[in-house]
Amino acid sequence: MTGDMMGEASTSIISALLLSILFVMGVAIAHLRNLFAIVMLSGIYSLVCAAWYILVDAVDVGFTEAAVGAGMSTAVLLGAILLTSRNAKPERRFARLGPLAVCIAAGAMLIYATSDLPAAGDPASPANTGVGLTYLQINWADTGVPNVVTSVLASYRGFDTLGETLVVFIAGLAVVLLLGFGERSLAETLRKLKKEDKVP
Amino acid sequence: MKSDHHLILRVIAKTLLPLITIYAFYVQFHGEVSAGGAFQAGVVLAVAVILYALIFGLAEAMRAVPPWFARGLAAAGVLIYGGVGVWAMVQGGQYLEYQALFNEPPGGHNGQHTGIILVEIGVLFAVAGAMVSIFYALAGRVAEIRDEDW
Amino acid sequence: MILEPVLTSAPDWAVRHAAVLVVVVPMLLAPLLALSPSNRLAWILTVAGTAAAFWFSLILLAIIQEVPGSAISYALGNWEPPIGIEFRVDALNAMILVLITGMGALASFIAWPTLAAEFKGERLNLLLCAFLLCFAGLAGVAATGDAFNLFVFLEVSSLATYVLVAMGAGKDRRALPAAFSYLVMGTLGASFYVIGIGLLYAATGTLNMADIAEQMPGLSGNRSVQAGLAFILVGLGLKAAMWPLHQWLPNAYAYAPGFVSMFLSATATKVALYSLIRWLFTIFQPDLAFESAVLQWVLAPLAMAAMVICSVQAIFQTDVRRMLAYSSVAQVGYILLAISVGTAAGVSAGLLHLFTHALMKGALFMAVAGICFAYQGSTIRDFAGLGRSAPFTMAAFAIAGLSLIGVPLTAGFISKLQLGYALLDQGWWWAAVVLVFASFLSVIYIGRVLQAVFFEPPLNPRKNNKEAPLLLLIPLWILALVNIFYGIDAGFPAGLAADGAAAALGLGAAQ
Amino acid sequence: MTPQLLIAAALCLPLLVAVSVALFGKVPTLREGVTIAGAVALFAVVIQLTLLVAGGARPELYIGETVPGLAIAFKLEPLGALFALVASGLWIVNSFYSIGYMRGNRERNQTRFYIWFALALSGAMGVAMAGNLFTLFIFYEVLTLSTYPLVAHKGDAAAQRGARTYLLTLLGTSICFFLMAIMWTWVVAGQRLDFIEGGLLADAGLSPFVSSALLVLFVFGVGKAALMPFHFWLPSAMVAPTPVSALLHAVAVVKAGVFTVMKISVYIFGFDLLQATPARDVLLGVAGFTIIAASLIALRQDNLKARLAYSTIAQLAYVTLGALLAVEAGALGGSLQIAAHAAAKITLFMCAGAIYVATGLTTVSSMQGLGRKMPLVFTAFLIASFSIIGLPPFGGMWPKYELLQGAADASTAWIPAVLIVSALLNIAYLLPVAILGLMPLPGTPPAKEFKRPGGAPVLTVAAPLFTAALCVVLFMAAGPIGDFLRPAFAAGSVPGLEDLR
Amino acid sequence: MWDIILERGSYWAIIAVMMIGLYIAFSAENLIKRLVGLSLFQTTICLFYVKLANVANATAPVLLAEDMPKDAYRGEGVAELVHVYSNPLPHVLMLTAIVVGVATLSLGLALIVRINESYGTIEADEIYASDVKVQMAEDADAARTSGEVVR
């Protein structure tokens, strides 16, 4: 059992380390005004999150966060920065008090809530003995798929995933509606390419 | 983009792209037994297209994967996913009841496997199509991404 | 039983799967629209999809009404409820479903005449696709019995809504920041809701609403449950435009395309209010000490503030759509006030007002959309003299406006009367005073427009008289006549609201 | 015809008139002919109904419920019959007068005028015959909304401002107070709003606070009763054409207001509860104050119509006073005042209108000596003034007599004093108009020439003469009217009242 | 004392990070920064959920061979598990939330691009100021012309 306890302790330490890195990066993002740096930091933020997920046995979430949060989000953000501006203006000082109050209120509420939350990692907590445990127990018999996350995602809660697919679809649709297909600029670019072919 | 100072980049990219694509499909179809699944695979697939566009230019990418195709792919993905549900309904089950796809007795896993695979293909299409569309739309607003922009 | 023919004529599969088809049919038609080669075909499909959803929701209502107090449970994927996702439709959902699908059908009807000229090329079918997805999302929120599934559909409808609002940018660029701030606020609301769900999940280990409700009596002292309620309240309050979380609403409604504001005003906040009722009364019980405190000391004062402050703000608007938008926030206040009473009479009055408000605001925004289309303007000044130029449109507008004021023999009067009854019955005469005062304020802001319409000469003498397009006039008059009909014989909506209130209050206790 | 049909006819005839006027709007003669025919038919129907009521019947018409407890129902009893009779009868006179006035004045939008006038009458009929508070409230609002276009008839900025004040005051009081009171009544009476002999709330066991609050809400909520401080809509509505003023002051609107107050005190509260309500004494004081204050203000008005408007405020506070006395004689006096004041005030307004059409004059000071040129008009004015003051042999005497009687029964000593001071003030502000018109002081310049060749149109002179005659008839008919009304108050049992004759 | 910190400390750390995201989303005037804050906030909510699902000494919820008996089907009750796994349900929920987050982000960015095109700025206060200017001009116009109507 000592090995387990050692493992547990080292997990806790690494977890604390990662979370403090997240905290520092969050503060840095709040202070920075260079949007490029902000976007890059947010990408790294996602990567650190991904590492943390894998540390706490959420491999699927970690993978997704790395691909979606660190990869796709950063790419889209960079595209948007290219089209808009590179720097943010400094915020007005007095404008920060209201948000601060909101955050303190929400944070206080959450900390109040944690006093009755089960201890972190408790295998007997309601969350970990409820439906979640049932999935682990019945999954193999029901679906024959070893990865429980996959079977919950696609089968038990397949309708959620359908909704999620719709959300992605809407996002694509919305961006196309707002910005066009890119086809107009495609035609332009093609013309330019042709010109370049001819001129030199 | 016709200048040659990106030659190394291009060569590496050309070798990398098939690998990325294959990796996407690995992630997709290996999702049942290990970490990974259609969302991740879709994003990886989209990243392959994005990489292609970054190296070879947007126009080239749009010639390879036309915008209408990306959009159609996204729509088809949603339709596939929803269609599996309708199929189950037609077979007399509830919506999205994979067990009813082949009207198996309990314990048979064919329906579940087929259903999950189809559904994940739907997700793959939808995610890849939508992400590529988003990239095209954003990138299409500037005529070209110049080196100085990075 | 008025709905019996619907049930007897419906095929078996429709009856069996109605609960899910009401969402799935528009949801699967949407990608087809995106692929549709012609705009007109896309529009026809939209109308068909919303109409089909309306039919399914009528079937659902008919099934519910056959056995009073019953509920339809539809297990998706045939996984029994706590494991799989459940669609659970009782009298409350059925009423909301009928309302939003009905209003959605009318909205889809007017989409073509108001938009066809503006959005040419491939964009109209995509716009309609977004509309249909928004519609499906709202129906999903109303039908689902799973707390997290509710979030997913909330996001489906919200994302579609943001882009729909932003599509007003073709006429007024202010639609863009409006959509953006809606996006930020809406996302924050959804995130708060997710936090609340997480806290509840931590305490109960389940996501099924009925399941959570069952465990609730034993958890009344649990602090994470209390905090969960607070976060859910704020999250859904943001979506429902509860004062002071309403800042996104006026601009969003004012600058969105006409048919979008009509649809949103009649459905989006209503669905959020429905979920609020579901959470406050079915899942949490109002007799829990912390909740009754929230109802009386948080919800009621906020509601009254909304009623007075936003009505006053409405008076000072020069743009009719902004005025109607502020009025919507005030009306949300009415509904929340009724809910905060916490009795069956209160919830019933709130639901009735929710119903009638959808009818009258839908008609008002529809008329404004028609005027915007025909005369290219929506300030009060543009409305001057329209009583002569567009008598039919404006007559319907006037009827709906009177209903909003609460003039007798209109639906609005009945719901306000019920509201007053619920308040006085509980001895909240001070709230009733605020109610009548806010009604008086609505006389002023509606009166301003009506006076300009009927008694002022137009700014520039109009060369030709133009009505709103016929395709818009028909649904507009349907709504106006319904407003009057339910003012004379309110049995149907009042019965729905009473059943809905019973269902809202009863589910947790009955199980 | 069955009683149900009669009631339905009374409600629908004005609507029918409105529709036909809209159809025949292009042909003025036909349009006005239809109006008059409709008015006569309506009067005939109302007379039939009144005869039924006099015979002890209570004709009813039940339409249906909107939600349980909120029915649209009609039931005619003596008070309502009296009001319906006054309104429909004076509609005929007013229609004739309108023809003369509107044509003589070359007003625009005459068709619109006749349409809304007919709709307003429909509202008045509904108020008169309403069987419960809900129905009454509906038609009360119909009356408000349908008179708004009439008040704003001229369409200029002043008219719009006046009409806006008119509408906002009436809607504001009715929504903020009246509706609130109705809702509250609905709650405390167990989801009922019916008018019941002896009082709906009599057995509800209300605490003094609740009954006081309800009474205050009702009395101020009925803004049409023009009790101070909610009286200002009436002077500001003076921008309307004279036939409309006549409608407001004599035929329908303020009458509907005081009628509603009367009906609430008799059928909702009942005399016993009313006497036990602490707020009643305060409200009596407000009514007394209104009588004196409005009369004093009237004294200072030079504009004839404004002076008449304040006179109306004072005179109608009599009815409120009578209703609140909560004794039979008081209520009877108030009800008689409705009829008597209607006849007298419509005469006064029609005279003012006739003067305006003929000469364009509006101020009292410019009318000195005008009586020489328009003797008939000024004679009618004089007769009506006498009736308002309460001199025999004119209709206005009986209500004051009954009110004094009621004040004695209710043992309130200050009310007779108020009534006497008020009568003196009436003399001071009304009589000089007619008397100086007929017999100008020596040294006044001769009256202005007629603006309109031939003076006032015949119809605008004949109509006030007819109603002046009516004032005399009312003096004779007071006895039968009292007998007719008395059953309405029978349930409010204060024994030992003298017979009227 | 230490127990409590060990048990709750990770929650508190997550809450602190969460509030930074919320603060950025509220206070930033730059729209892109605001969106980044929003996405940080959403990401951190995922941390919270996953922390809830964490079970000490467990493995990822991919069944190991011992827990996959042959010919198993759910006839009578649930299976006994040999190993301890972390809770899969919050993982699934958070997969959904992450995808919703990126969808929102890209929609928001598309809006920002459009805003930048029509306003020339992506600072909230400047956009607001220019809107107010337009609104005031419209109101003044309305007041002037409605005055003419009354005349």
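Order as written gives the chain letters A, B, C, D and E; numbering starts at 1 within each chain.
Criterion: contacts are C-beta pairs under 8 Å (C-beta built on N, C-alpha and C of every residue); 3 or more make two chains touch, one makes a residue touch a chain.
What you see is a predicted model; the values in this text were computed from it and never measured.
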item: Steps needed, at minimum, to go from chain B to chain D via contacts; value: 2
item: Top chain pair, ranked by how many C-beta pairs fall in contact; value: A-E
item: Chain whose mean Cα position lies farthest from chain A; value: D
item: Of all other chains, the one whose Cα centre sits farthest from chain C; value: D
item: Chain centre separation in whole Å, for chain D relative to chain C (CA means); value: 45
item: Where chain A and chain C are represented by their mean Cα positions, the distance between them in whole Å; value: 31
item: Centroid distance [mean C-alpha coordinates] between chain D and chain A, Å; value: 74
item: Distance between chain centroids, defined by C-alpha means - chain C, chain E (Å); value: 25
item: Where chain B touches two or more other chains, by residue; value: 33-35, 37, 39, 71, 74-75, 78, 82, 85, 95-96, 98, 107, 127, 134, 137-138, 141
item: Where chain E touches two or more other chains at once, by residue number; value: 22, 52, 60, 62, 72-74, 89-90, 93, 95-96, 99-100, 103-104, 106-107, 109-114
item: Shared interface positions of chain C, touching two or more other chains; value: 27, 30-31, 34, 76-77, 148, 152, 155, 159, 162-163, 166, 195, 201-202, 207, 456
item: Contact footprint of chain C on chain A as seen in their complex; value: 109-110, 112-118, 125-132, 134-135, 138, 155-160, 162-164, 166-167, 169-171, 173-174, 176-178
item: Chain B residues touching chain E - in the complex, by the definition given at the top; value: 33-35, 37, 39, 106-107, 127, 134, 137-138, 141
item: Chain B contact footprint on chain A (complex, rising order); value: 59-60, 62-64, 67-68, 71-72, 75-76, 79-80, 82-83, 141-147, 149-151, 153-155, 158-159, 161-162, 165-166, 168-169, 171-173, 175-176, 178-186, 188-190, 192-193, 196
item: Of chain C, residues touching chain D in the complex; value: 405-409, 414, 417-418, 420-421, 424-425, 429, 432-433, 436-437, 439-440, 443-444, 447, 451, 454-456, 487-491, 494
item: Chain E-facing residues of chain C, complex; value: 148, 152, 155, 159, 162-163, 166, 169, 173-174, 176-177, 179-180, 183-184, 187-188, 190-191, 194-195, 198, 201-202, 207, 318, 379-381, 384, 456-457, 459
